[in-house]
Amino acid sequence: METAVFIVCAAIVLAGALGVVLARNPVHAALSLVGTLFGMAVLFLNLDAHFLAAVQIIVYAGAIVVLFLFVIMLLGVDRLEDLSVEPITGQRVLAAIVGLGTFGLAVAFLLSSDIGLSGTGPVPLTLDITDEYSNLRQIADVLFTDYVYAFEATAALLTISVVGAVVMSRRMARGDDAQEASGDD
Amino acid sequence: MVTASWYLILAAGLFTIGAVGLLVRRNPLIMFMCVELMLNAVNLTFITFGRELNDIGGQVSVFFVLVVAAAEVVVGLAIVVAINRRRPQATADDLSALRG
Amino acid sequence: MSTLVDLVWLIPAFPLAGVLILMALGRRLGEPRAGWLATAMMGGSFLATLLVFIGLVGHDGDERETVLTLFEWVPAGKLAVDIGFLADPLSITMALFVTGVGALIHLYSIGYMHGDEGFSRFFIYLNLFAFSMLMLVLGDNLLLTFLGWEGVGACSYLLISFWFTDEANASAGKKAFVTNRVGDWGFLVAMFLAFLTFGSLQYGEIFYDVESHGMAASTASAIVVLLLVGAAGKSAQFPLHIWLPDAMAGPTPVSALIHAATMVTAGVYLLTRMSPIIAEAHGWVPDLIMWVGLGTALMAATIAVAQNDIKKVLAYSTVSQLGFMFVAVGTGAYVAAIFHMVTHAFFKALLFLGAGSVIHGMDGDQDIRRYGGLARLLPITSMTFVAGWLAIAGVPPFSGFWSKDEILAYAYGENRLLWVLLLATAILTAFYMTRLVLMTFFGPPRWTDQEVGTEADEEAESASESVPEQALPYRHPHESPWTMTAPLVVLAGLAIVAGVFNLPFTSDVHFLGNWLKPSLFGNAGHLPFGGGTQWVLAIVAIVGSLGGVSAGAAVYIRRRIDPARIEHPFLARAWRIDELVTNFMGGPGRRAFERTTQFDEQVVDGAVNATGTLIRRAGTKLRVSQSGLVRSYALGIALGAVALLVWFITRAGL
Amino acid sequence: MVLPVIIFLPLVGAAAIALIAPSRSTALKPVAVATSAATGALTLWLMAAFDKHDGDFQFTQLTEWVGSAGISWHVGVDGISLFLVVLTGLLFPIAIVACDPPHDAKAYYIWMLVLETGCLGVFLALDLVLFFLFFEVVLIPMYFLIGSWGHENRKYAATKFFLFTMLGSALMLVGMLVLALLTARETGNAVTFNLLELANSAGELPTITARWIFLSFALAFAVKVPMFPVHTWLPDAHTEAPTAGSVILAGVLLKLGTYGLVRFGLYLFPEASRYFAPLLFTLGVIGILYGAVVATMQRDLKRLVAYSSVAHLGFIVLGIFSINTEGIEGGLLQMVNHGLSTGALFLLVGFIYERRHTRQISEMIGLQKAAPVLAAVFTVVMLSSVGLPGLNGFVGEFLILAGAFVAHRWWAVVAAAGVILAALYLLWAYQRVFHGTPDDANRSMPDLNWQEKLVMAPLVGLIVFLGVYPKPVIERMEPAVNALIEHMEEVEGFESPTVDDRPEGSFEELRTLKADYGDEGEGH
Amino acid sequence: MFPVFAQADIPDIQWLPLVPHLVMAGAAVVLLTIVSLAGSRLPGWFASAWTVAAGLGVLATAIPVWIRVEQWGPHSVIAGSIGVDGFSVFIIVLLACTVVLTSLVADGFLQREGLDGPAFYVLLMLSATGGITMASANNLIVLFLGLEILSLAVYVLVAMHLRRAESQEAGIKYFVLGAFASAFLLYGIALVYGATGSLNLAGIEGILQNNDLSDNGLLLAGMAMLLVGFGFKVAAVPFHAWTPDVYQGAPSPVVSYMAAGVKAAGFAALLRVFFAGFGGMAEDWQPVMFGLAIASLAVGSMLAIVQTDVKRILAYSSISHAGFILVGVQAATHDGVASVLFYLAAYAAMAIGSFAVVTVVSGPGDEGTGIDNLRGLATRRPLLAVAFTVLLLSQAGIPFTAGFWAKFEVISAAVDARSFWLAVIAMLAAVVAAFLYLRIVVAMFLDAPDPDAPRLRIPRGPALAIAIVVLFTLAFGIYPEPLLNLADDAWLNLRLVAH
C-alpha cells in the first residue's frame, strides 16, 4: 500500500517539478508547482507528518502559489518564454553536468551511509516521536519549548517581509515618472 | 516496503530538478518556483530522516522552512514587482547592467 | 738614531702645504706668486731630502733603513696599515731627484705657463703630484705606495686634460687614467695576495717573513707577475704603453716631470723595491720582465724614428728608455736600473724642457718638419739640448753612456741575443735623436720670418719635399725667459756629469751601487765576467752609438737615403697597436656594452613589467566570467557545490 | 633613554609642521631643518658617548609591546649600526637644507621627517617585528616623495618602487613568523621576536628550514640593496625622485638592505649565510661589473649614478659575505662612504638640473668652464666614488676586496676589475659633461652659491677625512664585528676565513737575521 | 502522566544573555511603531539617532554578558539552542558597532537620495538581529533562521534605492543567488541531521567525539552543502560572483554594512559550525578552506586591479580579504579563530570607513563612484583624502595600521599550522592587491582635480563615522594588544560550549 502511494506521489511530484522547469507559460508552471506540492503533502502523510501535510497544503498551495499567480496576473507576465534557445553559451551543458553531478553524488552519499548511525553507538535523541500524543501536539510541545527562540525569530522574519514589501512597493514621490520613462525604453 | 532511501533519492531528484531549473529558466518568477522546489526537497529529506531517527526535530525544522519559504517569496516577489514597474517583462538575462 | 732622518715627514709635507695654501688663496695670489710659492715648496722639500740624505749617510752602512710611523691608517682585523715613511737609500735616491728635478720644472713652469688662466690651478696639481709621488716613494708599505701610485695617476689625469676645453686633451687624460687602472688592478691583486701570504703589507714585515720563513716560489711568481702588470701600466711598457704618447697633450713641463722623469719610473722603483720577492720567484719571471722591457724598448725606438711631433719622439724614446730599465731589473741589475733612471731623469727632463722651450719659441708648433736652423736663434736651448742628445745617445762621457753601458753589460752576461737586440736599440736611439736634433736646430729653416725671409725662401725649395704644406709657416722664434732657461742649464750640467755617480772602474767608485746595497738585500745580480770583457763591451757600445749618430747625420744632412724610406708609415702609426685598441673599444667593446644595456632594459626590467602586465591580462580575462548574468553566477555556485561534493566523496573513501 | 628620542624627534617635528598654519608657510623649512639638525646632533652625541671597546649593544631599551605575540619595543645600537645612524642624522639635514620643494612644502617636509624616523627606527630596532614595521613603513613617505615631487614619469617609478620592495618584504614577514614560531617550538619557550634571543637559539632550527627562512630574508634585502637581478626599480626611482629623495634613497634607504643582511642574515642564520655565500658573492660580483657596464651606457646623468650605486652595493655585499673581519668592516665602512659620495653626487646632479633643467648628458658640455667650483667638487666626489686612495671610497673598497680575496680568491680577482670600469664610466661622464668648450646653453650656467657650498662642505670634508683617517670609524666597528663573527663561529662551528698569523717583523730584526746568515750572496 | 510530561520540558530561560538580541530586535519594532504613529512629526535625524542609541544599548548590555561568560564560562541557554560565550559576544559587539557606524554613514545619505523613512533603520537592526542570532546559534535551525533574517533584510536594503535601476538589479541578483545558496545550506543541514540525528552543534560535536563518522557520506555531503551556503555569505570564490555587482548596485551605506556586518556574521556562523560542530573533522575541511582561500585571494586581487569603479574595486578587495580570513580559518587552531576575529574587527573598520568615503564622494544619485571622482581629492578635501589613505593602507596591510596586525595574526596562524605555502601565496596576493590601493591613492594625491568638480559636502554623520574608524585603525595599529587579547579570549571559550 505504502509503496503504491509512494510511487504514485513520486510520479506526481517529479512530473510537477518537470512541469515547473519546462512550462513555457508561467501560469502553467505555477499550476504544476501546485501538483508537486500536493504530491509532497501526501508523502508527508505517508511519513506520519500529518500536521505538516496540512500546513503544506495551506501555506504552500493556499498562500505561496496564489501569491505567485497574483503577481503573474498583476504584472501580466504572460509572455511565453522561448526555451528552444539558450542565450548563454554552454549554460545548458554545464547545467546538465550540475544536475547529473548533484543527483549522482547525492545518491552516492545517501546510499553509501546509513542514517542516524544506527549501530555506531547511542544517539542522544531527546525528542522521541511517541504514539501517545498527536503529531500536532508533539510539534507544538517542541516548538514552544526547545525551539521557542527560533519560533520568536520567525516574527522578525515576517516583520522584515512586511516592511520589505512596503518599501519595495512604495512609489517614489518626485521624479519617479521620469525615471520610469527612461527605464522603459 | 519503501525504505527511507527511496524518499531520499526522490528528494535528491527534486532538489536537482529545482537547481537545474533555476539555471535554465530566465523568468524570475519561475526561478523562484524552482527555489521552492529545492526547499520542498529539503523538507522531504528532513521528514524522512525524522522518521528514521524517530525524532520530531525533523518535522519542526520543516515547519520553520515553510515560514522562511513564505517570507522569502514575499520579499522576492516585491522586488520583482518593483523591477517590473520600471522594466516590464524583464527576464533575468535582461538585468545585466552591472558586470565586469 | 740621527734626528735628521726623522725629518723625512717634511719631504711630502712641503708640497702638501703648497697644495693647501694654493687651494685656499691661490686665486688671490695669482700669477706669478702662486708659481713661486709652489716652487719654494718644492725647494724646501728638496732641502729636507738633502737633510735626510745627510742623516742617512751618517748611519752605519747596514742600518740605513729607518721607518717613521705617523699614525694608523687602516687598522682592520688582521690588516694593519700605517701612514709611515721608509727612509732608506733607495727611497731617498728617488726622493732626491724627484724633488730636485721637480723643483727645477716648477721653476720652468712659471715661465712656461705665463698668461694661462689656470695658472694657480696648474701649480696646485703640480704640487699635488709631487706630494703623491713622494708618498709613492717614501711609503713604508705597499698600500701607501699604492696611494701615491694612484695619486700620481690622478694628477697626471688632471694635468693631461689641463686644457680641458679641447676634447682631445680630455680624452687623452681619461685614456691615461683608465689604462693605468688596468695596471693598478694587477697591483691591487698583488697586494691581496701579499696580505694573504704575509698577513701584512709592510715592506719590513714582508721581507722579514720572506727571509725568515721563505715562501712558495709559485706565490712569489704570482705576486711579481701581478706587480709587473701594475708596473707596465705605470711605466708604459708593452702592451699598456699606449697612453704615454697621447699624454703629451698636457703642458710640456708636465710631460717632462711626470711622463719622463718621475712618475713613469715608478714601475721600476716598485720592482726594485720588491727585489726580495723577485728573488724568490721562479726563474722565468725575471726573464719575463726582461723580455717585456726589451720588446718595449726596441718597438718604441723603431716608432720614434718615424715621428714628426717633437714631443712624440721624446715620448717614444722615454718608453724605450724605460724598457732599458726593465731589462736591467730583469737581469737583476737593480743598481743599473736606478742609475739609468737617475740619468734618464736628468737628460729626458732636459730634452723635454728644451722641446718646450722650442715649442714656446715656435708659438706652439710641435712639428719638426716645420723647424730647422733654430740653433742660432735659441742658443741656450739648443746648446743644452745637444748635451741632452749626446747623453741619451750614449756618447761618453755623458751620463747616459755610463748607465746604458752598465745595462748592456748585464744583458750580455744574461743572454747574448738580448745584448745584440739591446745594442741595436741603443743604436736606433742615437739615430732618431740625431734626426730630431738635426731637423730642429740645424739645416735650413723650414719657416719664414721677416728678417730672414729671402734665404729662407730659396732654401725652402730644396727642403720643401719634406714639408707637406707648400706655404711656409710664418714664425719669429725667440729665446725663452731665464726662468725657463736656467733649469735647462742646470739639468744639462747634471746630464753631462751624472755618470760619476756610478763609475764602473772599481767597486769604490761604484758609489750608487754601494749606496743602494742595503735596500737590495743582496739580491743584486753580479757580472759573470771580469773587467776585460767590460772594456770590450764598452767600446762596442761607443762605436754603436757613434754609428747611430753618424747614420742620422748621413740621412738627414747629406741625404744619402730618402728619409721617407726609413720613416715607414707602419712605424709612424706606432705599429697600429693604438688603432687596434681604439677600434676594439669603439667596435666590439662598445657593442657588448650596448647589448648589456639593452639586456637590462628589455630582459631584466622587461621581466618585471611583464609580470605586471601578465597579472593585468589575467584579470581582464577573468572579467569575462563576471558576465553580469545572474544565471551564470548561479551556475558558478552550483559547479562549486559539485566540486565540493566531489572532494568530500574522495574523503568518504567511496 | 636617548634612542627613542632620536627615533621620534623627527616625528615630533613632522607633527609640529602639520600644525603650522598655511599663512606662516615661511616657518616650515626652519622647523624641518631645526628638527633634523637636532636629531643629527643627537646622533653625533651618541657616537661620542658610544663605548668603542664594547662589542655589545649599547643604550638598549627593552619593554614589552605586543606581549601576546612576543613582540617587544627593543632598541639598541652597536658598532654595526652606529655609523648608519650617524649617517642618517647627517644626510637628512643636508638634504632638507639643500633643496626646496617646488610646491606643497608642508607635506614635503612632513614626509621627509617621517622618512627619517622610519630609517632611524630600522637601524636601531632589535626586535624583528619592530624592524619590519619600520622597514615597511619607510616605503610610504618615499612613495609620496617620489610620486608628488618627482619628475615626468614619477607615478610609474613610485608605484614600481613601492610594489617591488613590498614584494620582497612580504615574503620576509612570512620568514620572520616561521623563524619565531618554529624556534619557539624547538626550544619550548614562548614565542619571541627579540633579535638577541632568536640569535642565541639560532641553529636550533633544522638546517633546511633555516636556509629557506634565510632566503626569504635575503630576497627582501636583495631587493632593497638592490642586487642584480632585482635592481631595476632603482634607476627609475632615482631618476624620477626629487633631488633630496635621491640623496636619501641612495644614502640611507639602500643601506637598509645591506644592514639587514648583516644584522639578520649573518647574525640569525650563520649556517645558511655561509651556505649561500657563494650565491650572494656571485650576484655581488655580477652586480659590480654589470652595474658598471650599464652605467657606462646611460644617457641620463642621474640614471648613471643610480647604476653606479648598483655596482657599489655589489662591493658591499661582497664584503659582507666574505664573513671575515676585514670584509664585513669594509662593507660597513663602504655603506657610510657610499652614502656620502653618492649622496653628494646626487646633490651635484640636482644642482646641475636646477640650472640646466635637464639630466641628459648630451645636452651638457664644458661646464667646468662655466662653473669651476662645481666642477672641482664634482671631481673630488667622483674620484672618491672611483675609489682613489686618500679618499673615503678606497679604504672600504680595499678592505672588502682584501677580505673577499681571503675568502673566495677568484671572485675578488674578478671584482677588482670593477675598479677599472668605475674609472671608465665616471671619467667618461665627467669628460662629456664638464670638459670641452661650452655652447651657449651651458656657457652662462651659474656656479655654486654659498648655500650649496655650505651643503657640500661637510660631505667633501668627510670624504677626505675618512679617506685619510678612517680609524675612528673602524675601531668602533671592530668589537661588534668580531662579536658577530665569534657568534657565527660558535653557533656554526666554522672557521671565519682569514689570514693565519705571521711573525711580526721589521727591518731591524731583518738586519739581525741577515747578520746571523753572515750576508751570503754578497760574495765577489 | 500528562502533567509530568507538561512540566518536563519547560526550559528555564535565563534572560540576561538574550538581552542584546531583544534590544536589537525590540528597537527595530518599536522604531517602526513610533514612526508609523508619529509619522512626519519627527525630526529627520530621529531614526538615525534611535538606531545609534539601540546599537549603543546592545554594546552596553553585551558587557554584563561578557562578564557572565568570564564568570560562568561558556554555556548555552534555551535548551542549548543559544550559545553564550566570548565568541558570540565578540561578534555581537562587532555587529552593534557596525550598526551604529552604518546608521551614522546613512545619515544625510537617505535625505540626499530621498529615501527617508524608518524602513532603512528598521531593516538594518532586524538584519543585525539575524546576525546576532547566527553568531550565537548553537542549533543549526536557529542558525539557518538567523541567516535568513540577516539575508532577507539585506535583500530589501540592497534593492531599496528605487530610483536606481542598478539598485534593483543588484537586489534581484542577490536575492536569487541568496535563495539558491541557502537552499544548498538547508540541504546540508538536513543531511547533517540525518547523519548525526541532532541539530544541536554541541550535540553533534559530542557525537563526533564518541563515534567515528569520518567516512559517513551524509555528514561529508552535509559539510559540503553547508560550505556552499557559508561560502556564498562570506563571498569566497567560487561563490563570490554576486559581490561586485551587488556592492556596486546597492546604496553605499548598505554596502558598508554588508562588507562589515554580513561578512562578519557569515564567518561567525562558519566558525561556529565548523569549529564547534565539526572541529573533530578538521582534516576533512581544512583542504577545502585552503582551496577557497587561494581562489579568493587570487581572483579577488587580480580582478580588482582592472576595475575602474571604486565600489567594484572595494568589492573585489573584500573578496581577497575573505580569502585572507579563510587562511586563518584554514589553520583550524586556537590562534586561527582569534586571528579571524581580529581580522573581522579590523576589516569592519576599514570597510565601513572606505564605503563611507565613497558615500560622501559619490554625490547625488549615488552615481559618482568611479575612480575618477576621487581625482585630486587631496586638494579638494585633504582630511578626507588622508583618512581614506589610512584606511586603504590598512587594507594593504601597511605597518602601524590595524590591517597590518590582522594580516600578521592570520599569517602567523597559518604558519603555526605549518601551511607555509598558503602564507606565502597570501602575502603575494597582498602585494598584488596593494597595487589597487595605490591606484586609488595615486588618483587622490597625484592626479589633478577636474576643475568643474562640485564642492563636496561632508555631513556630520559620515564624518564622525570616518573619524571613529580611522582612530580605531591607527590606535590598534600602534597598540593592538587589547584587541588581540579580546579575540584570544573569545576563541578560548568557544570550544567548550556546554551541551
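In order of appearance the chains are A, B, C, D and E, and numbering begins at 1 in each one.
Just so it is clear, a contact is a pair of C-beta atoms (placed from the backbone, for glycine too) under 8 Å apart; a residue touches a chain by one contact, two chains touch by 3 or more.
The structure displayed is predicted, hence computed values, not measured ones.
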Completion exercise
Farthest chain from chain E by C-alpha centroid distance is chain C
Handout entry: Geometric centre: closest chain by C-alpha means
Key = D
Practice task
Take the average of all CA coordinates in chain B, do the same for chain C, and state the distance between these two points in whole angstrom.
Solution key: 97
Completion exercise
Cα centre of chain A to Cα centre of chain D, whole Å, reads 70
Practice task
Return the distance between the CA-based centres of chain B and chain D, expressed in whole Å.
Solution key: 67
Fill in the blank from the handout: In whole angstrom, the CA-centroid distance of chain A from chain C equals 101
Completion exercise
Expected list for chain D, residues touching two or more other chains, is none
Fill in the blank from the handout: Contacts with two or more other chains occur in chain E at residues 141, 145, 148, 152, 155-156, 159, 162, 165, 172-173, 176, 180, 191, 194, 197-198, 215-217, 220-221, 244-245
Problem - For chain B, residues that touch 2 or more chains besides their own - result: 8, 15, 18-19, 22-24, 26, 32, 48-49, 52-53, 55, 57, 60, 64, 68, 71-72, 75, 78-80, 82, 86-87, 92-93, 95-100
Practice task
Go through the chains and record each pair that touches.
Solution key: A-B, A-C, A-E, B-C, B-E, C-D, C-E, D-E
Fill in the blank from the handout: Note: in the complex, chain A contacts chain B through residues 2-3, 6, 10, 13-14, 17-18, 20-21, 23, 26, 29-30, 33, 36-37, 40, 43-44, 46-49, 51-52, 55-56, 59-60, 63-64, 67-68, 71-72, 74-77, 79, 81, 83, 86-88, 91-92, 94-96, 98-99, 102-103, 106-107, 110-111, 115-116, 123, 125, 127-129, 135, 138-139, 142-143, 147, 150, 154, 157-158, 160-162, 164-165, 167-169, 179-180, 183-184
Handout entry: Contacting residues of chain C [partner chain D, same complex]
Key = 62-63, 65-67, 71-79, 83, 88, 143, 146-147, 149-151, 154, 157-158, 161, 164-167, 170-171, 173-174, 177-178, 181-182, 184-185, 188-189, 191-193, 195-196, 198-200, 202-205, 207-209, 211-213, 517, 521-523, 526, 592-594, 596-597, 600, 604-605, 607-608
Problem - Touching residues on chain C, where the partner in the complex is chain E - result: 615-616, 618-620, 622-623, 625-626, 628, 630, 632-634, 636-641, 643-645, 647-649, 651-654
Completion exercise
Listed in rising order, the residues of chain E that touch chain A in the complex are 5, 9-11, 13, 18, 25, 28-29, 32, 78-82, 114, 119, 122-123, 126-127, 129-130, 133, 139, 141-142, 145-146, 148-149, 152-153, 155-156, 159-160, 162-163, 165, 191, 194-198, 203, 206-207, 210-213, 215-221
Completion exercise
Per the touch rule, the chain B residues reaching chain C in their complex are 19, 22-24, 26, 92-93, 95-100
